Amino acid sequence: MIRAGIVGASGYTGAELMRILSLHPEMEVTVATANRYQGECIGALYPSLDRFYPGVFKAYEPEAIDEGCDVVFLGLPHGESMKALPELASMEKKVVDLSADLRFDDPDEYERWYGEEHACPGLSGKAVYGLTEVYRDRVAAAGLVANPGCYPTGALLGLIPAAEAGYIAGTVVVDAKSGISGAGRKATPATHFPQASENVAPYAVSGHRHMPEITSGLEKVSGKPVAIVFAPHLVPMSRGILCTMYVPLGTSTGAGEIRDSYQEFYRGERFVRVLEEGAYPQTKAVQGSNNCHIAVEVTGEGRMLVVMSAIDNLVKGASGQAVQNMNLMCGLPEWMGLESPGLFP
Amino acid sequence: MIRAGIVGASGYTGAELMRILSLHPEMEVTVATANRYQGECIGALYPSLDRFYPGVFKAYEPEAIDEGCDVVFLGLPHGESMKALPELASMEKKVVDLSADLRFDDPDEYERWYGEEHACPGLSGKAVYGLTEVYRDRVAAAGLVANPGCYPTGALLGLIPAAEAGYIAGTVVVDAKSGISGAGRKATPATHFPQASENVAPYAVSGHRHMPEITSGLEKVSGKPVAIVFAPHLVPMSRGILCTMYVPLGTSTGAGEIRDSYQEFYRGERFVRVLEEGAYPQTKAVQGSNNCHIAVEVTGEGRMLVVMSAIDNLVKGASGQAVQNMNLMCGLPEWMGLESPGLFP
Amino acid sequence: MIRAGIVGASGYTGAELMRILSLHPEMEVTVATANRYQGECIGALYPSLDRFYPGVFKAYEPEAIDEGCDVVFLGLPHGESMKALPELASMEKKVVDLSADLRFDDPDEYERWYGEEHACPGLSGKAVYGLTEVYRDRVAAAGLVANPGCYPTGALLGLIPAAEAGYIAGTVVVDAKSGISGAGRKATPATHFPQASENVAPYAVSGHRHMPEITSGLEKVSGKPVAIVFAPHLVPMSRGILCTMYVPLGTSTGAGEIRDSYQEFYRGERFVRVLEEGAYPQTKAVQGSNNCHIAVEVTGEGRMLVVMSAIDNLVKGASGQAVQNMNLMCGLPEWMGLESPGLFP
Amino acid sequence: MIRAGIVGASGYTGAELMRILSLHPEMEVTVATANRYQGECIGALYPSLDRFYPGVFKAYEPEAIDEGCDVVFLGLPHGESMKALPELASMEKKVVDLSADLRFDDPDEYERWYGEEHACPGLSGKAVYGLTEVYRDRVAAAGLVANPGCYPTGALLGLIPAAEAGYIAGTVVVDAKSGISGAGRKATPATHFPQASENVAPYAVSGHRHMPEITSGLEKVSGKPVAIVFAPHLVPMSRGILCTMYVPLGTSTGAGEIRDSYQEFYRGERFVRVLEEGAYPQTKAVQGSNNCHIAVEVTGEGRMLVVMSAIDNLVKGASGQAVQNMNLMCGLPEWMGLESPGLFP
């Protein structure tokens, strides 16, 4: 068994890593740290995990990680992750960082969007961006992976085939609808049930931090500048992200042709499915799974491609993709421990 | 008291008319018809209305309407409404039709989108389109009003100021998120709780019937063709529509300037509010009220205007606006019976 | 117009008082205090109220209350309310206190359940318990009213007719299901949307503070000890309390006879409705209204009376009943400003 | 691999069987029948299963079952199941019937509660009641198992330890709160999202069909008559049942003593967990899992035991327990394919 450490295990992505790895035949969690909850039972915070993790959260101690783990998942918030990274990198263990800290090649870009100096700029360009289906080979060879954000995962899986095929001929609108677990485990006024239920609310329309991540993800593939408008919304559900994306087409193109190119792009993929004509993705169909459902449609008299993608923000948008990446990094089949259908209804 | 008849009173818009009119100081419901539920207690279908409407649903009989009502609200489904309209029109009563049947000036347009011959093409161009804030004077003079659809109300209130100011310089994307009461009172697989909860799902992306209504509403104001892409989504809440609208700008324009023009456009309006910088509309803030909240933001390096509007689909998007229109038609203050804050939380 | 002050106006009960009073023809809010939010726009906290309350929250200053208000609603948390009460009482204004501080005649009872010394024990027995339908005459003559808790309102309206008729012949089980607004406006781990959605959770089963309030409410009416078991639960909705109550019957009694006695008890009441055989209360039928729906059924071979009651916890369970009481205290019709149907769906 | 047939696979329990068995290392679904959907893709009804079940629903043909399956799960509705049972029984395959048709030993009891003649009274007493933790040995030896109802599973797991210990000294109240998937896959007015959301509603309080199943389940263990009052409620969530159960105690007994006896009763069980003092079960903690969480508390001055249990109605309350039973019947470890934590949040 590969021994995995989770540094920053008390948040939703940490708990989701524990849930997924409890089902993994070749990997097990040997250390779960959470400074704030050290000594508290894992099952007290997450009763769903109680039977599977009878132990307690530990304080973060590098030696314990070094000795007790073969690989490390970093579930710390952005800004904290990069403080732990240099030490972990020096241990020469495979690391998947779920925070935003290494997602930009250029540390200046990080500083511009996250408003603080980068603590380990030297590592910035060294991490492989872990959008598995796109960078599979690089991930497999990596020692350090920057796991993509939840919104960028949904958006890029939906847009990259269009970018590669050269369909994008204007500003791309990404209208994203997210379940509230995306805001994290901490209770805030915006996530208070009486506020969030029976409500749809946009936020951060002109400057969400996931926007440059989407932009740079597209530009890398298309090799030229891409303009993105990104508007996230909170909707009253726990899990799931639906991205509805509007791509101006240079020439009038049929949906069938585009759908074919998408199906070709994702041929053989286990986790990404391009739906047939007439079917639409819905977040509940992928709830609890590492799957991504994508549909394409052309409207506006043949001049606007609408791409819709659905993922579970905590699985394919975070911890599931992290395990998928780690599997590759460890030479295991990429789907190991991740082969479960969504929970429906 | 003005005596109001509701023809087709058993659906959600009919029940909402009854709720609103129970609070109206100058109008009361004297006849509520529902052929399917004739003889059944109103309170059996809608226990919330029990005390206010101790009577039963009646079968539709023109004479009863003619004798017992001064004004008529038509809450029948599209296709059925137009069968009753000629007879009602002949009674020379003021009529607000909440169906889609008279929303197009051109009956051919109706036939194209609704797939059936128009039963009273002669009335098509005679009805005033009841988007109150825009067509107030014409509504006040009208005998017959076609009440706008729920999506078009949210979209047009958000876009018309931009159209009038000449801001629209490309295809407008309307990404709409609707509560499930918009699908009506009838239980269907898509509205089944276990299917609809914890779910966001797009539908009818390339051809929803509200799309041409939005297009023609904009073209009337701007006096030239406008291209619209309209993608509706179901979100897990009962009431509310949030429209997020993306308007390409011809020249880079500041959000402040646009916000000013919106605030000028809606100056003095009781039901439409243009939010200050930094505030976003949310459906829960208008739940149960006739209010519409609008915010504008500019992104994409000054080239994309994002307009967001929130309404309650059953109030401003249907029955509230219908009463607002009828008030005007009857010479009453437009806000009579509609002055209540949203129900929050 | 009667000028009303709301001391502690930023919580949900304060906001609900503002919502209700915006519709009141004879009472208006002239001062709304909230020390924590002083100077902030009311509409910033509650966008639904924006147009109706364009002003700001004020700091609590006794003189401003004394000069600017004829009557006072106290919306402060328990423990804080009793600190303000002596001063307010000295102003000789009519006061409705929505906190728990004066609900017990005996200050020792307060101290036992709330774990702190009572700050104004002298006032404890002086307040009238404001369960309007039961204590209407005393409320009308009162200067100071202790507004009942939300759970006790639902439970006592359902049980008092049984107590008065002498039906109670054993320990009464009160199983209560509450919407999450009952926990207040403050975000906590238990009210975080991802925790509270898709979840039903009991809490405080052996010692909720509303239990002695229910017990003493029943004992006053029945004139003898009553044993209560009270189990509250959080369910994933914003508003509403459903109490299901199990009353052992001394002798086998038919549901019809009991239903008759309930209907007799509440004959002529505007806000309480005893449902016919076969109908059940549901919280959504009273959402946003001051109504209480009650059903009775007998099961267990004629030996167990099941009483079910539904209220909106923020209206009949708090602010609506507070206004109902204040109407009586001011000599106004009790229903003034409260005559609206529930918001359904 | 053991080849499993699912007869009546299009409902929620059928879909859940497919979901669970897709993860089972020793059992696979070879035939899934649904007469109503024959020829339709499984993934069209359940997009979450698409990748795992690329085939179609088949019409029910006994020969196909006989040849293609080693074991059979019957997911037909009550009344239909018993029509297929004699033929399936004659095939001498192991069968788990998820319907109510064989849950009563006495076919007259079935007829009394389900209002129709029993189609195979000879099989009635032959099926083993599949409450696994209680009847494990009998299940392991059985060829035909009647899988318990969802409410009875939650109620009996919570009450049987009390019954066995002789704690029950009066009428037991079972107040159950169920997610709406319990009503099945068919859309009805009661399960329509706008009706069911933001709502709690009791139903069938004096005569739900699961009541006699709970009663007889308790009487078998305690060996004497037990009186039950059973009140089910719909709450706005998809999955989960919380039972709150009130057991009058003959003598004042401490919660600690009772908790100890419960922990002893369930010692070594993988799927049932008795919580420590101060912890409460919640449905979300077991969502998607075969787990049952139980807490006990004593109140009412030591005279009332309150037992709370939480299960996922579709897993431990239906398909999960069915697989648990089939595992035993096939000589496999009972937990095979069922070892996953709940999906939280």
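All chains are identified by letter, namely A, B, C and D, in their written order; residue positions are counted from 1 within each chain.
Operating definition for what follows: contacts are C-beta pairs under 8 Å (C-beta built on N, C-alpha and C of every residue); 3 or more make two chains touch, one makes a residue touch a chain.
Bear in mind the structure is a predicted one, so any value in this text is a computation, not a measurement.
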Which of A-C and A-B has more C-beta contact pairs: A-B
Reference subunit B; chain at largest CA-centroid distance: D
Cα-centroid distance, subunit A relative to subunit B, in whole angstrom: 39
Distance from subunit D to subunit A - Cα centre to Cα centre, in angstrom: 36
Distance between the centres, which are taken as Cα means, of subunit C and subunit A, whole angstrom: 45
Residue list for subunit C, restricted to those that touch at least two other chains: 12, 179, 181, 194, 197-198, 236-239, 282, 284, 287, 345
Footprint of subunit A on subunit C - complex, ascending: 12, 179-181, 185-189, 191-194, 196-198, 236-239
Residues on subunit C engaged by subunit D in the complex (per definition of touch): 171, 173, 175, 177, 179, 194-195, 197-203, 205-207, 227-229, 231, 233, 235-240, 242, 244, 246, 248, 280-284, 287, 297-301, 303-304, 306, 308, 310, 345
Residues of subunit D that touch subunit A when the two form their complex: 12, 15, 18-19, 22-23, 44, 46-52, 181, 197-198, 238-239, 270, 273, 279, 282, 284-289, 291, 293, 339-345
